[in-house]
Amino acid sequence: MNTSPNNWYVASWSKDLAVGEPLAMQVLGRPLVLWRGPKGEVSALDDRCVHRLAPLSRGRCEGANLRCRYHGMVFAPGGEVVEIPGQDEIPARARARAYPVLERHSWIWIWMGDPARADPDRIPAMVGLDDENYYLGAGTLDFAADAQLVRDNLLDFSHISYLHADSFALGDAYAKVPPRIVELPDGLQYQRWLENQELMPGNSMLVDQWSNYSFRAPGIITMATGAYPLGTARALDLGAPDPSLPGMNITFTNQAITPMSDRSTRYFFSWGPRRDCGTPELAEQMMALAYRAFTEDKEMVEAQQRMIDLDPSFPMLGTHSDVGVFRFNARLREIEAAEAAREAAEGCARVHLPVHAGAAE
Amino acid sequence: MNTSPNNWYVASWSKDLAVGEPLAMQVLGRPLVLWRGPKGEVSALDDRCVHRLAPLSRGRCEGANLRCRYHGMVFAPGGEVVEIPGQDEIPARARARAYPVLERHSWIWIWMGDPARADPDRIPAMVGLDDENYYLGAGTLDFAADAQLVRDNLLDFSHISYLHADSFALGDAYAKVPPRIVELPDGLQYQRWLENQELMPGNSMLVDQWSNYSFRAPGIITMATGAYPLGTARALDLGAPDPSLPGMNITFTNQAITPMSDRSTRYFFSWGPRRDCGTPELAEQMMALAYRAFTEDKEMVEAQQRMIDLDPSFPMLGTHSDVGVFRFNARLREIEAAEAAREAAEGCARVHLPVHAGAAE
Amino acid sequence: MNTSPNNWYVASWSKDLAVGEPLAMQVLGRPLVLWRGPKGEVSALDDRCVHRLAPLSRGRCEGANLRCRYHGMVFAPGGEVVEIPGQDEIPARARARAYPVLERHSWIWIWMGDPARADPDRIPAMVGLDDENYYLGAGTLDFAADAQLVRDNLLDFSHISYLHADSFALGDAYAKVPPRIVELPDGLQYQRWLENQELMPGNSMLVDQWSNYSFRAPGIITMATGAYPLGTARALDLGAPDPSLPGMNITFTNQAITPMSDRSTRYFFSWGPRRDCGTPELAEQMMALAYRAFTEDKEMVEAQQRMIDLDPSFPMLGTHSDVGVFRFNARLREIEAAEAAREAAEGCARVHLPVHAGAAE
């Protein structure tokens, strides 16, 4: 859980939070209740009634408010208690911590740190489930592992050639062709041309495969892929293809890694074709493949976590493939150090300064 | 488990301990074996063979004695070893700790502290399953929570209006009408008139509802309820109705909360009508309702315990409804302080002096 | 797990390790991967890829080598890394710890300590599953208990009369007749004549029953049993019968107790008749009986372990029947002290010197 609370974390798919049905979630070890009021508005509080710490997620929505089902205390969306059964006065300290939340790109995002810093512009451009240019499916998987291991998994694509040899079946190109890595203000972008590849299993037409993969703090991923006529990579000098360039199999995926606790991580993902390259049925097939492959990740990462926990002092050995892992973790430290410096300059008390000890570094 | 071992704890329903069938139980974190000899007499020992600590509850009754099934050592009801296979002499220290036990009101009670203080008169008057004036059913539920939370649940009836809104369906009277609280030598009594109530769901006759609820250390509950003609409460100046006063729906419940370990508690309960107010079938219906409602308690209290354990430092906020909780916990401290003082005066070594830190105080 | 790593431990039945199918095991708390190469040869490494600690037991055999299925690193049988995808040079420290292994008597043995001391001659004579003179069945059971408790169980046969009263049904002779105990270089041998016994349940012919039971460090058992005409025990002055002496019901069992972790132990066992005393069907019946009885052991030992863990300070009381337990544990300490002294004399760094605190001593 070595990321700053001063980030937007994905707490849920928008579609999974129904009006009037409170939802329990945990982010950075903190139990949360989310609920959607009658106008669709989303609120988030600590999932503990201030009275006896019963979880509010077992409560009952009443209009925009949430009533604890144990002894009946009522909370407004801002966290203030507005009713205590059996007494008239309400003490000022009767207030649950409220968290900034917003909905964007079909996700509910929650800000776990200083509310004054909750800048919606920090959420990157993505493709929502309702985007008219794409057919996307939506998935969720929980990993019994630290989010660091899940992030590291997604930062070293060399595993695709081995762990996903049978599912994605992409051969060993990902292990052998290093990406071009570009710095982003909040992370890294991996641009990779795999030249002279088969279009897909079952279609041996040779093409240049392009992928553009952005990995942002605290664990937000967007990836565009496409196939282009042989020679495109060289023609572009390995640069990014323009979106208007005609291609095949153009797809998009959004992914988010949310640390729930030290040993549990929720992984949200969507995937599917651009509408001119596929159908809703293709999106379903791609999601089935994603579930298969990501379950391979889950099983391996959970096994890795168990090995680490058996002897946390056992050393790791860095390889060339870890460059993405190293650079992202270093980038994360830079971002957080800059944030700490800015806060110090402003005289703010820092909410949380995590110590980063990248496992393989 | 913040109660003194110098108390009678309910270890089992009498009916659940058959002749010749040892029963494993745990009270205050201490593993116990109970068994019933050929004359029906009940004995209780530490559930550890003195030889190799195998549980005696896996043993075999032989007459009044209990043989360990591992290497065959035999224990008398008083704990002394009376046979060691393969050797003739029996060392004096070959003795398991025995506990005072007695049967009363259909329960087996065990005294966990200084045997010299095990006074049977400390067990209050109750209604046994075989009482000729009542039809009572018997139930048991285990809570994965500290006994303190189970006691607190049963000391603040305001939760009936919310947690049991659909099961007991008693409206919000319990949350709004405070009880009259009377001190008992070993606890508190809550007397409560709910005036001008419907007789029961489905019968809108208006009555005054009476309940007399005693809560005694270490967690022993008796409760009598009844409905009386409108105006009775005022006529009695909110005092207790005489047992001979004609009433409707007169019921009785016995309940006992036994701390097994820090995070497990066994809850024993009976409930049913006075024979002139009901039938055995009604007792069965009432028990079905009790199981439904107490399972609501169990789920809420276990969820509350998990929230507390996630962050034991998280503060609670007292409300007016907590007055019963506060007063009982204070009463418990007084009783135990008086006991400690008496022991000190007698020069006795105190077996155990628990530190009381009422969670909400 | 109070045995020295400088021992051969049984890691698996030979039959349970197929060519090309890596097997995960744990010995002395150390995760291991075993695999069998194309020629049948067995290798064993730490079950952690040196890169990211993913378990190699989820890997893929490639010829004699093993490839990690996460990012594709390849290990030779000696532990050295021979391929790192995406890079050419292989650092010298890229090497997993390899363990001496050998196959003998149908088991795979692994040496957990100093490889220089891995002397195959320390493995005692036994009867393999393929021995032409015996019909043997093979079994495995895991105990959720410390290996010490499993060893102690098998060092005090008095439990046979009680725990196995219904399964082995041997009466109380084992609890009453002490064995003759002979010292071995690496353990103890228990020779026992039970005179004037029925041949077997259902056959009341009276015979003298012989058993010769060797218990060697770290937990290796061989046992020969047989029935001889009444009077044989006295004629031999309670000495061992010559193998050529005609007998009935002659059987052999091999057993091994392997500590996996502090609270998990794997128990390997074979049992069956000498071919002139039985059939393959009899071996099957004997194995069914062994599973029944050893499951009784498992349940009792696991219950004993739970009692110990509830209060590790609770004292045990030694009895005469514990003489075998005491003597073996003392023998183990002697053997390990001698080994430590030898190593000190040689100026070797000792890999591990366990502290022995026999539970009942």
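All chains are identified by letter, namely A, B and C, in their written order; residue positions are counted from 1 within each chain.
Following the convention adopted for this analysis, contacts are C-beta pairs under 8 Å (C-beta built on N, C-alpha and C of every residue); 3 or more make two chains touch, one makes a residue touch a chain.
Note that the coordinates shown come from a computational prediction; the quantities given were computed from them, not determined experimentally.
For the self-contact between subunit A and subunit C, the two sides draw on mostly distinct residue numbers; the shared fraction is below half.
After Cα superposition, the angle needed to carry subunit B onto subunit C is 120 degrees, rounded to a multiple of 5.
Subunit A and subunit C have Cα centroids separated by 49 Å. In subunit C, no residue touches at least two other chains.
Every residue of subunit B that touches subunit C in the complex is listed here, in rising order: 29, 31, 47-48, 50-55, 58, 67-73, 84-87, 91, 93-94. Across the complex, subunit B is touched by residues 152, 156, 158-159, 161-163, 172, 175-176, 178, 299-300, 303-304, 306-308, 310, 314, 316-317, 319-321, 360 of subunit C.
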